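Every chain is named by a letter (A, B, C and D) in the order it is written, and numbering of its residues begins at 1.
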Amino acid sequence: MIFKLANPNRFIRFSDRISPYLSYLFILLMSYGLFLCFFKSPPDYLQGETVRIMYIHVPCAWFSLMFYSSIAICSFFSLIFKHTLADIISRALAPLGASLTLATLITGSIWGKPTWGTWWVWDARLTSELVLLFLYIGIIILSNSFENKTKGDKYAAILSLVGIINLPIIKWSVDWWNTLHQPASISKFSSPSIDPSMLTPLIVMTFALLFFSLQVTFIRIKSEILQRKIDIIRSTELS
Amino acid sequence: MEYFLKFLESKEHLPYVATSYIIVFFILVIIFVHSILKLKKLENDFDELNKQ
Amino acid sequence: MMNIFFKLLKREIKLSIDRISIITSYSSFFLMSLLIFTFGIGPDIGKLNELYSPIVWLIMLFSIILISENFLMHDYRDGSLRELQYLGYSEELIIFSKAIVMFLILIIPHFFLIPLCSILLNLNLTELISLSINVILGSPSLILISIISNLLTIQVRQSKVLQFVIIMPFYIPLIIFTTSRNPNETSDIIDLNKFLILIGFFLITLPIVLLSGKMILKEVNK
Amino acid sequence: MILEIISINLFRNKKRIFKNFNFKLKKSQIAALIGKNGSGKTSLLDMVVGLIKPDSGQIIIDRCDIDEIGENKKFKFIYLPFIDAFKENFSVQDNLKLWGELSSVKFTQKKLDEKLKFFDLFQLKNTLLSKLSQGQKKRVSLVKLLLSKCTLWLLDEPFNSLDSENMKKLKVVFLNHRKNGGSILLASHIDLKIKDTKNVYIKLEKINAKPKDNNDNWNSLR
């Protein structure tokens, strides 16, 4: 499988073949998930109807973290094995991850308004998510600020690796800072167990979002490959 | 169904839930459309370069 | 090994003769920002006293990022960074010697800036001692992180803003641990644990910076 | 054999610059790299000193692989790049002393004065480098050649902004160096015009390889 994809053109063909199925899966799962969210799941006895935000907020948060770690893994591969596919994937994932982080932040703060009474709380999780957004922005800007794409890739890879090392430290210190300034009272979401009637829509929505992200990633990878091919042709024409 | 009707009746919470879903879908649509448009533009460029 | 390191250090110190001007610009920047903060917060000395450590740390953070340009960017522009590399000096040593000289130069103005701060912000003796230990232990990490931001943006034309954007997240733990004050404690006790955390943070930062700095410097000439 | 370049391949900025390039430099030999801008003269020199890593191939100086020399690089060769690593706010002799310390070249003040006189720089020895003209700067960097004891000289555009009189002097220096068993690899677009059988001219040409339409592996997209 991986050996088959070890060729950009074959990769493009593969993604072309698979992307309609991804779209179908996404539409199917998303509609089913929305149906479950609004028709089949009960309101929470504590938060009432606002709990329905969770079904979209939590998958976004998961994927925002997951994509950052995938970018870091790709950066590792690109620095060690110098494989261009890793660079291309991390370039394709960064905007997607950043927009999911933004979605997480916005839905989180909308969720916060009815439950906490304010749009924003300097809660440990929200703050770390905000920091994650800045890390994403830094990577995107840095990788695009070089005329030489390879160089931008390398620098962004180094930055994201430093970021993934620092992320636990940041998370930990924000937690610490949070407990220092406000005694823990707001972490009322952390319910130990979740009812199956709420878990199923959450899982369905997560998979829907996964297929959407895969679809977008394939499109972005394809455009990145095309961009590089165009650059090669242009640079040989110029010289 | 009754859950949905209950949800629609909850005047307090409906706008929050609705806006959050709308915003997320808006962001997803934007990133999707942006990717598609970029791809289309690059495909056009690539075809033109290959024709020359 | 040591011989080579001392050679590099000697070079940096020699170059620092014209970096004396940095000290004056640094201290004037520091005092001006203090003035601006005071205008923003108001002349209430109690409030200023409460906020002393975030004020001092924010000013230090920004001024160190601004000043760090003089150490790496100039060397890159006139080609002496390349020279050091093709003469066979290892990249870690280059970065490390630069960090040391930067620390030595930037610690000088603090000898009079911190007492001045303590007068202007009405600090008592324990606060003063705690702040100065904080500065001595925390600024190495500040300097190392600013070096990374400088290295990453060394070839970008308009690098100032980018430098701030990409590096700010990494300052968060540092700013948390240096400015934090446990509200349960009175200001007369010096919190030793905090200093240990700062030393630990430095020990984490140092290898990361040296390693990633080496990788960046290998890329720079391509 | 003092310098051996074995089947070098290099891609830069999506262009192929070297394709299985081979080259040998013997003792007492002057080799000139001739070619248009962008044909890879500077890249070749950068590869020889180890600033750029070739995509494949090997570079051997004095029977040692360039990557394995490490700290001893400065004893193997002297490299004068196109941009000279000079500190603008240092005087001429301070710059040279700084360089001498870094590259472990020991010389007395008397020897320095003598060599400065050779290139008519003695009166300027205490002037700041920022006040010198382009040609004078070039001459200052050429003084390094006279001070150093390395046998392999790597020069990037040594004749740039030199007048005819100084060019003649430089030619004499080159011939002297060759007589003493040294070898020179220089990149220049000006013809050396030393009529001699021992000299080698290498013409670098741009490789205009069209990219294959079906890029068959990922690394071709780099």
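To be clear about the criterion, a contact is a pair of C-beta atoms (placed from the backbone, for glycine too) under 8 Å apart; a residue touches a chain by one contact, two chains touch by 3 or more.
Keep in mind that this is a model prediction, so the values were computed, not measured.
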(message) Contact counts by the stated rule: is the higher one at A-C or A-D?
(response) A-C
(message) Quick check: how many Å separate the C-alpha centres of subunit A and subunit C?
(response) 33
(request) Could you tell me the distance, in whole angstrom, between the mean C-alpha positions of subunit B and subunit C? (result) 44
(message) Averaging over Cα atoms per chain, report the distance between subunit A and subunit D in Å.
(response) 49
(message) Centroid from C-alpha atoms only, then distance subunit B to subunit D, rounded to Å. What do you get?
(response) 57
(message) Residues touching two or more other chains, restricted to subunit C: which are they?
(response) 222
(request) Could you list the positions in subunit A whose residues touch two or more of the other chains? (result) 148, 150, 229, 233
(message) Touching pairs of chains, all of them, please.
(response) A-B, A-C, A-D, C-D
(message) If we count contacts the way the header does, which residues on subunit B are in touch with subunit A in the complex?
(response) 1, 3-4, 6-7, 10, 12-14, 16-17, 19-21, 23-24, 27-28, 30-32, 34-36, 38-39, 42-43, 45-46, 49
(message) Using the touch definition from the top, list the residues of subunit A that touch subunit C in their complex.
(response) 79, 131, 134-135, 137-139, 141-142, 145-146, 148, 150-151, 154-155, 158-159, 161-163, 165-166, 169-170, 172-174, 176-177, 180
(request) Could you pull out which subunit A residues touch subunit D in their complex? (result) 6-9, 82-85, 88, 148, 150, 225, 228-229, 231-233, 235-236, 239
(request) Would you tell me which residues of subunit C are touching subunit A in their complex? (result) 148, 152-153, 155-156, 162, 165-170, 172-173, 176-177, 180, 182-183, 201, 204, 208, 212, 215-216, 219, 222
(message) Can you tell me which positions in subunit A touch subunit B when the two form their complex?
(response) 38-43, 48-50, 52-53, 56-57, 60, 95-96, 99-100, 102-103, 106-107, 110-111, 113-114, 212, 215-216, 219-220, 222-223, 226-227, 229-230, 233-234
